[in-house]
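In the two complexes that follow, subunit A is the common piece, with subunit B as its partner first and subunit C second.
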Partner chain A sequence: MAAIHLKQLAHSYLPHPAGPRDYALKRIDHVWEDGRAYALLGPSGCGKTTLLNIISGLLQPSEGQVCFDEEDVTNLPTELRRIAQVFQFPVVYDTMSVYDNLAFPLRNHGHSESVVRERVLRIAKMLDLSAVLKQKARGLTADAKQTISLGRGLVRENVAAILFDEPLTVIDPHLKHKLRMQLKRLHRQFNHTMIYVTHDQTEALSFADRVVVMYDGDVVQMGTPQELFERPAHTFVGYFIGSPGMNVLDARIEGNLAYVDGRSIPLAQGYDAIAGETVEIGVRPEFARLVRKEDAGEQGLPVTVKRIEDIGRFKIARTEFFGRELNVVIPEGTAVSDRANRVLFDAQHVNVYADGWIVEGEAA
Partner chain B sequence: MRTWNNKAWFMVIPVVILVAFSAVIPLMTVVNYSVQDTFGNNQFFWAGLEWFNEIVNSERFHDALGRQFLFTFLILAIEMPLGVFIALHMPTKGWGRPASLVLMSLPLLIPWNVVGTIWQIFGRSDIGLLGHVLQLLGIEYNYTQNTLDAWMTIIVMDVWHWTSLVALLAYAGLQSIPQAYYQAARIDGASHWAVFRYIQLPKMSSVLLIAFLLRFMDSFMIYTEPFVVTGGGPGNSTTLLSIDLVKMAIGQFDLGPAAAFSLVYFLIILLLSWVFYTVMTNIEKQGD
Partner chain C sequence: MALQLENISKVAGRETHIHPMDLSLEAGTLNVLLGPTLSGKTSLMRLMAGLDKPTTGRVIWRGNDVTGVPVQRRNVAMVYQQFINYPSMSVYENIASPLRLQGLDKASIDSKVHEIAELMKLEPMLMRKPLELSGGQQQRCALARALVKGADLVLLDEPLANLDYKLREEMRVEIPRFFIESGAIFVYATTEPSEALLLGGNTAAMWEGRITQFGPTLEVYREPVSATTAQVFSDPPMNFVNVTKAGDSLLFGADQSVRATGDLLALPDDRYMAGFRPNHLCLTPLGGNALKFTAEVTVTEITGSESFVHLQHADDAPWVSLTHGVHELPIGQTAEVFVDVRNIYFFNAKEELVAAAVAAKAA
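On to the complex of A and B.
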């Protein structure tokens, strides 16, 4: 078990990268703490897998260092890094039995058969594989195969971190939950540092205690699920986390007021002049309310309600404000008047963004 | 209620005719000859299984069959491992990839009798590069007189001609292995040998089975190339089954025995292919 330090890490697949566009990973400087479960979240092609492969040593970074605790492992080959990795598609050694699959890494490292036996049996029991140990791995279901891949990592006692690269992609939906719970249990039991790559936010939020959001080769935010929800560091995080995503509107900021098409919106904090080509405000649909004109007083954005979607636990009002889409979440049991046509925001939860990145104000 | 529409049968007729002319009728002709005897004048007499008896018990057939087995065994023993070895070392990216694919395909594109002619000339000690160089090196080499030399020549020729096929099939099998397998193997600390033994070989097994069957059948039926090079000699030492068959049917015009010979020959190939296929697919399935 180890903390993973990424120091000034950058990677380009090109031999002579010219500008930031050529980098698959742009300058990452982060510490992944020992024993935490991280979810690495981001759209396809944002550099998640690149980062994962650099940590596991399958890929050599073009710049920067990877350290496990204090040890610099940047130039250490994969097999010496004490990393376990579970891939998107189950990897099992077809011709071997489940027992031999689990024993494979131990045998490769030259452990005696008695040690192999003891560890394999223990891990098999923990992963509910005891019953199938004698079977060929090939004949098993996808979820059992993924469990075997995980088991091949767990049998090695000294694993520094376990990496998961979208491991539930090929698993049936009803088994996904079960496997996630099994992972959480293992995490509590062993306290391995775990990094879990996914583009599914439900998966990320239910698995991890820290979520790392990547976008276009950058880590845009690293935080608890709640932080990501309430204060997205980048408008992208706002879009990407939450369903529906954050409402983002072009705005002009003056002190503690934001102006959108001449309408003023109160902010919880005061802002000095903001530098940046585009200045926006972002509000989660959960922190917006749809009310009638007479209840809104002078405030609120005038909108046209396009439709109301009932998605079970709450309703979503899809509205339009001068051609811009604005979503409002209506909690269960709240009635909405037919004449509701003003949207009010919760000032505490209106964030200000300059060129996509959050701007911190001063308490007014 | 089912409606019967007999018109469907008309649609099948073209295929039936095609198959009849291409396979059934010629085969039945051979069956017909194999149970009859003729003394010319287009008069035939019923001979029963006499020809089969004669062929199956003849030393000539046994010798040719033995040579055939030896030949097939040798070329399989060389071409299968060699093809896999080449496939493992073929470049997978860059300009080397298309270049090696084209180079490997070349021998497969040459007509069989041309291959025979190439080697026939190549091995001659007066004008052939190979034969002449061996001569200069002081090595006695003459495939028209020496049995061992004749065998070496036809074996090397077949390896040259057909190893590419095994290599290309194995290469295709290797290309279909997802990168994740190699990555997982690295993480598990597997050696090169272990990667070959537990990932590459199992993943290639189905294409290798095809390659094996193709090479077995083709080599068991081989005629043109050795015939062009050695004509079955010296003596009868390179007279393989099909060469012997042609001698019997066309050279001696023994239609009855030749027909029986053909059928026995055909059945041997069919039987062995079936046995190989069954055994190999069962090995693969074992333990599932």
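On to the complex of A and C.
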């Protein structure tokens, strides 16, 4: 296992990039720690596949270096990088038994049959494949085949990192839980450095201890799931993570108050004059409440409730505040009055943004 | 009654894709087919469309028997998971193509294309080719073509499965809007319970070629008639534990005993299966007559706003607790978990519902 150093890394698919817009991957300088599980999350075209291909060796970066611990691997081909990969679609040999499929990467690297046997049996046990080891892979269901692919990725022990490229896309939701859980357990047990690419937020957040959110070639935030949820560093993170995403409103900030359309909203921190063309506040629907006017006191934004969607575990109130959409999450079992027409925010969770990026205030 | 399936079934070779079933869909409704892969959703849609002939039974459309009438002669639109557009035509021409086939005049075509393009937010890209668009825009183009022809029956087979989840979120809000305006019958297949809940309308829960329950979506979710429906409609899966009723006592698992009240008191003495959803299995004490179980943590997943704590309780199938906030419990730790009896569904040995959760009925 290894730490992955991305040193002044950038990539353009053009021979002579002129400005930032020509870069599919803008400059990043990170250390990804040994033994952690990282998820690369972002919409299609954000640069996550470019970054993964640079780490795996499919692509040589136009600028910067990739090091596994101290070893510069920037110019090494994939097969010399000591990495294992799992792809979106299962890669298994239909005519081979499940055992031989799992043994394949080990035999390829010249391990003795006794080592092969020990590792194959152990990985099969963890992935519930013990019963089918003697069967041919042909005829197994798509998710059983993808489980074998996972097993092949995990069976080698001397790898620097394991890369997963949307490995659960073709799997049924019920089985996704099971496979995700197995992956997580394996990670806890072996402490592989894992990198997992996905456009699915639930998958990224539940799998990773660090989530790397990418947008337009930039890494906009790298943090724990909790940090991404509570303190999105960029309004894009607020929008992309969470369903529905963060409410964002144009605002004017004075000290520890935000003004939106003349209404004041208390903030937990105080702010000096904020530089930036656009100043906004962001509040997650989970930190907003929908109440009646008489229960809001002097506070609250006056809203019109467009509709309330009951989705079982909670309700989403879709409201409008002077033409702006404002969503509120209502926990299961919480009663909402028909006359509710004020939205209140939890001041601790109102973030301030300038030109999209979070602004830190000072404790009031 | 616009579309009726009577005793319809489909057998291919030795495999039964659809067991004999009846289903009636009303005009102007959105109907979700919810079930895992291979539960029969696509087979059923193909029978509705006339793409396949049923082995038994009849398809009745507005009172007329249309069994065996091929899809070309019926006013049906279908959208697949893999979006299909004509690559050499512009988005405008793609959307206009079914109208040209209908022989509409130029001015009507133009106004209809623009109307639907505006609804689907495709106006700025009407002159582009499909392959120059993002996946979401390509799928909107395919949807626009299906909707513009004014079909009476619109079949959508996991239309959002290939889109990233933010786009799915937007489309799920948009799709129910079109159908309200069109008056057609919409049928929408998905594997995801949350998608069914977001879409609303009616839901048919499907399992192994059968419809296990059909009704208003929230009703099917809150009052599943069987453990199978409950399982199809629970993501993550529902948790189960054995319960024995004797007199006025209910014994859950090995040692959790409470007094039976209400409908539960009326159940005959027997062994039952108690089912409760992951969001009703709590990590903090609930008070009242909540059950308390001791289980071992197998793994924890944290999404930032919620935590999934996977648990092993006695010899039961694995449990999941889905709770608000961040709860990082170490693997192997013994945890106390709590369930309010009002959130428990009771199923008999045949896995039929004998008592719905009291809290769900009140909601």
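Assume the second predicted complex is superposed on the first by the 304 of 364 C-alpha atoms of A that agree within 3 Å, B and C clash if a C-alpha of one lies under 4 Å from a C-alpha of the other, contacts with A are read in each partner's own complex, and residues count from 1 in each chain.
By our rule, a contact is a pair of C-beta atoms (placed from the backbone, for glycine too) under 8 Å apart; a residue touches a chain by one contact, two chains touch by 3 or more.
A quick note: this is a predicted structure, and the numbers were derived from the prediction, not measured.
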### Message
Once chain A of both complexes is superposed, is A:Ser206 in touch with subunit B (first), subunit C (second), both, or neither?
### Response
second
### Task
Give one of first, second, both or neither to describe whether A:Glu332 is in contact with subunit B, with subunit C, with both, or with none.
second
### Message
Looking only at subunit A, is it subunit B or subunit C that touches more of its residues?
### Response
C
### Message
Just checking: does A:Glu309 make contact with subunit B only, subunit C only, both, or neither of them? Give me first, second, both or neither.
### Response
second
### Message
According to the stated criteria, A:Arg185 is in contact with first (subunit B), second (subunit C), both, or neither; which is it?
### Response
second
### Message
With both complexes overlaid on chain A, does A:Pro105 touch subunit B (first), subunit C (second), both or neither?
### Response
first
### Query
Just subunit B (first), just subunit C (second), both, or neither: which does A:Gln88 touch?
first
### Task
Going by the contact rule at the top, pick out the subunit C residues touching subunit A in the complex.
36-37, 134-135, 164-166, 169, 191-194, 197-198, 200, 218, 221-222, 235-237, 277, 279, 298-299, 301-305, 308, 310, 320, 322, 324, 326, 331, 359, 363
### Message
If we count contacts the way the header does, which residues on subunit A are in touch with subunit C in the complex?
### Response
43-45, 142, 172-174, 177, 180-181, 184-185, 188, 199-202, 205-207, 224-230, 239-245, 284, 286, 309-313, 331-333
### Query
Considering the complex alone, what residue numbers of subunit A touch subunit B?
53, 56, 58, 77-79, 83-85, 87-89, 91, 93-97, 104-105, 108-109, 135-136, 138-139, 149, 152-153
### Interfacial residue positions of subunit B with respect to subunit A in the complex
178, 180-181, 183-184, 186-191, 194, 198-199, 202-203, 287-288
